[in-house]
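Have a look at these structures, which come just after this line.
Okay, so chain A shows up in both of these, paired with chain B first and chain C after.
Presenting the complex of A and B:
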């Protein structure tokens, strides 16, 4: 007893001394500016691609966001402001005129012109290129010519007719139908520019460019993409926008979030963008002030392969949803770092309403079981998840809840990488069963939560959901003259989802992140990316 | 040391096995190891006798809850009964151990016997291929094979893990069989049997096999322990037995991240694993001591 108390007391002065040292250290480095020569490392998962017109997931997006810059960017509240764009104007929400600021160049010295945007978008929209973000260009006039119904046919054109160059710094975008929120989209990485050097004589992105993209952003890539190891970048001195405060970012690739956490604790990694679930309990203790939380737009849900007869009945999906105790999961597994979701869009967006999912998202195990049995739900279900995202624990907990509440067998099936899982789902591999997906907005609009995920032609509609009523409401909302009108229609579309339940909402996320002692300041933005402009070294 | 006079007075000279049994009966290590092994096999065969709780009934309500009458070891990260899971986990460990060792033993005897008995090019061929297999690191090869098996659609259950470890684990035992066959082949009684007109098959099965068996059994018993440890390693790495299969390695993996919150759910399966591996290795050791004339 004696000894223990003594130890506890002995530690206290050390902590105080440590705190004081840290404070004085801060003011020192602020004066000397020594931090701006530092390179900080950021943990990511292996990206699928790191060229703008082909990057549709968050890990690649983080890299693209650092080495490229778009027409506009978003502030902390998701409001867009211009970066490369000087002005974005329209009279009728259909024809948009974009003027660029002069002086921006790519890392190889090439000027950022109208063509840099037009070429990149044309490539992404061209069907045979099978870009991961192909559908983001679907609103631009002429998209249909590049994406024939019959995918085996050669498209009639390689250029979107809706894109026209006025001069080097001005171009016009004509949409096939008016879209009131179109300007908010333009900050998404799919709308970033690419230089001439990216393309070979046939207009394809070269292999070399895939491995070492030449961007126009605050950082330029150093060497090439070392797959499964890292992507190094250094500050681009020719960058005309907000100057970053560090000399470089080293994106280190991990297969496991836990390893990122331990490496950050050991000061081997500087920023762990998301603390893995098992360490949420320890993070406060381990990192103190270096454990922070920021808002994000993420939305976690379980998706059903609705093309699969097993899950074809909406009642089966509803019963499964009712058998999941979201609040308990949030409290225990996530240590209150996430919120239960009972709607289909993130609460940070205009147009969000509480509890749109209704009865289906209220935990009621008894009713769930009765319903499940009355509609003959499957006796065995499987939930597939990616093992590289820290999802194992909550998926298994979900399985346990389903087993206990529905009296069925549930198997949690890991896939090594997220990309592998998506490929399996895309190919409709039998036996995948339910699968987890998370959505992080590309641009702050309800449309971005609804169209890509549930529209018949949505880019991330991996479950094969299709409802003409929903598609119609989405289209009508997009064509609305004002934002308010659009939101009303999209809310109706959300209600359609609530009755069909192609997916079941589970949680809204925040970013619990930790930084090493080498970091003075780091912000994780709404997209779960480290803000390359504000990050500072100690 | 028995004197020559003594052995001549016996009606029948004791065989190697009988000699060994005589020694074993007096070895405390043998008895301790045997008791543990028998207990574990009992748990593995009838886990329901040792616990009435359902190892798959987990609820977050009990996350990291302490021990209670239903759960003497407490509850783990998913709110599963640690005691029940440890009992049921024994089954997969022992199953994998036994099947893999049986398979490795069968291959080892077949190939080792052929190599030792026929000699010449057959021996060269078999011995070299054995060297090749033995030179592949076990864990690495197991990872590759299991990945392959699960990629082709087969689930990674007890059978595929046992198959993988069996296929990769036979070289050591095969070498032992081969050398003891070579030494037995030159014994007088073998020559005598051959002169009396016994065929190859009869000589191999009736005369050489019984005498070549003992050393290989020793190696295989020790191997059983290491196979169980390897299975746990693979499950820990997430490529061995997958949920819903219950295994010690899997439990260790699930709970290792929370060792600072609750150590019990990690330490219990880890402890059982350690004791099991130790028991098999001790048993093998004791048997080897008994069979090895130089140890007497």
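Presenting the complex of A and C:
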């Protein structure tokens, strides 16, 4: 349950949402046509919650994703497509009209209606419910009434004024400010529906529901959640969407990724969604073709304290960037489980372009040294990193490259915990120097990278970067009428970053996973979840 | 004897408060902002923060706040309320689900220790200097020298992945799947018990009363079985008592490697996720287990050895 948007770890749990690849569904143990009778097991960590409006970490998200279904889902390129939604439309990016397809029901037979969504979101947005995904609803009009600044006050309302039911299958969402890519958020589990049966008379989620949620997805819970042991599901025959190809998923709970790996090797577990770092070198040998990579939204970079005189000149930052040999690092330190990054957003996003960083991210030690000396770069630099995430090796390798290529002294400085490092950076403690950060997305939109990381008021802009031109482009993109228009503006904003270089892109993550001999096909999506629709038994 | 037990019980109460205070203080000091940690790096709204602050008794800070919260915690504990984990699950439920695994594992491990450790120790003690003695001496040295996580991973790799004799993990709790973790867990105690028994037996074999017993013509079986063994086992029993406390408290490393969802597994999880209430709750209970098992051992001592008197 330890996943954060700003990633503390070098390698993150992630997955691939495989597109609907054509699968010949003739597994030998199956009743033909309607998917096989096989049940596959998937390794997860103990979730915190498994109800949509309260689940903000990947382990619980995996379970929610199998037993619930949302308005839309994402294909493997991060593009949204409708699932429960029939259409999602807007004229001004402020008022969104959602029409639902008829015929979807929850596992208890209750129809999926506008209210299923509205009730769930209202619950999540209501401050005193302290939902883990509370902040996801912040863009919807009326959020402030449910989360008063003065915490001693009882919120004025329990309902988001921005959500209004038109009829059973239509509802409107009004945002407090226009946001052209709002629809891309709606595929996240926080926006999944919940049935009336989830709530007691006072509108709280019941204890029973927490332990055995009734969903609307392709699988339904069998029994209840066996804490620390497993969560069993079986195929829901009333599901109207893409039919799964297996009879059930058994989510087995582990604390240690290494144990998942061993179990998968012994065919005792079917899918280990993420191979732990120490087994990466053996995985190819142990599993052969059953060791695979999935794409992942993580983006690793080095940030400069731009408020610090030492790094104030963009040329200094550029020279440092040019002195780092990304490709060699990926090969030697990461055994090709990550990719070199030369843009400021993840390649899984619509709107991504190769090499936006340009010359600054091309390895050229000679030019770097000349530039560095001509602008009078500092003779000693520091790179701070968190020691709790397995970063020591590559930070030191980076430092060595900088020493050799720029002829300077570089010190790698560990901080015990990620939070400690952030505190130091927030306080602008002198001597921190450059520092490492990573980012994984909440939803596949350029906005989710550019705004929080580089906007003047960005929630994770720890380096004090501020450029009015950049901020303007971000805001204009958000207010654009269509997603395409927005992407154009945001791409211009990305170009501003390339010349200012507040951070230097280093690597994109990939997610290594292994499967047992019982698995014919498994896709891991952008959120590191096993795709329940395409997974197939051998 | 009665007065002794009462005195020990009073000491136990003191020790209990002392240890819980210490553990509570340490978890308290290690915590940064637990609410922000809970939310990952996502924004936390003011009213959300207020609710969580109240739920986890974080409302007072500084020394006053600490004492207030500790007192709050202990008084709840006295009423049998362990509180909830930061994930919102009742800690009593967590403990109830975890104990059976740990108890099973501990009992299996201790059986290994008694059956193999003591038997081999007695044999080695009688046949000092024999091949058997030298071999066990060497093996136990190796086992004592290797950290348990190395033993665990090697055992898991060789016995499950290479030779497929056991199951790699044990979260179904079946006896078969617990066999390997119990073996790994008991290994260190087994080695120590073996060495202890051997030394003790060897020493007693040289004592006067054994010579007397032999010279008055008692059969070897009786000399060893009654005279030597009974006297030799006193230190071993003490050791086993402490070991049971140890094993019951859950093997953090072993349970983690073999994915046994017992007490140690939950302590590790609590520490990893900085879940103060969970860690303190479990440790409070463990303190009681330890103190009780120690008391029982001390009392047993007097039963085994009439020379020992508690007054």
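We adopt the following convention: the second predicted complex is superposed on the first by the 309 of 538 C-alpha atoms of A that agree within 3 Å, B and C clash if a C-alpha of one lies under 4 Å from a C-alpha of the other, contacts with A are read in each partner's own complex, and residues count from 1 in each chain.
Here, contacts are C-beta pairs under 8 Å (C-beta built on N, C-alpha and C of every residue); 3 or more make two chains touch, one makes a residue touch a chain.
Remember, it's a predicted structure, so these values are computed and weren't measured experimentally.
Within the superposed three-chain model, A:253 lies in touch with chain C and out of touch with chain B [touch as defined at top].
Contacts of A:263 after superposition: chain C is touched, whereas chain B is not reached.
After superposition on the shared chain, chain A has more residues touched by C, the comparison being chain B against chain C.
After overlaying the two complexes on the shared chain, residue contacts for A:149 are found with chain C alone; chain B is out of touch.
Legend: residue contacts after superposition of the two complexes on their common chain; A:414 is shown touching chain B, with no touch to chain C. Legend: residue contacts after superposition of the two complexes on their common chain; A:404 is shown touching chain B, with no touch to chain C. In the overlay built on the shared chain, the residue A:238 is in contact with neither chain B nor chain C. In the superposition on chain A, chain A positions 258 are in contact with chain B in one complex as well as with chain C in the other.
Contact residues on chain A toward chain C in their complex (touch as defined above): 1-6, 46, 48-49, 56-57, 127-132, 134-135, 138, 146-153, 155, 227-230, 252-256, 258-259, 262-263, 265-266, 268-269, 417, 419-420, 423, 459-460. By the touch criterion given at the top, residues 56-61, 63, 77-80, 238, 242-244, 254, 257-258, 260-261 of chain B touch chain A in their complex. Residues of chain C touching chain A in their complex: 32-33, 36-52, 55, 87-89, 93-94, 97-98, 153, 156-157, 160-161, 164, 167-169, 171-172, 256-259, 261, 265-266, 268-269, 272-273.
If you check the complex, the residues on chain A that touch chain B are 258, 276, 278-279, 281-282, 325, 328-329, 332-333, 387, 393, 396-397, 400-401, 403-404, 409, 411-414.
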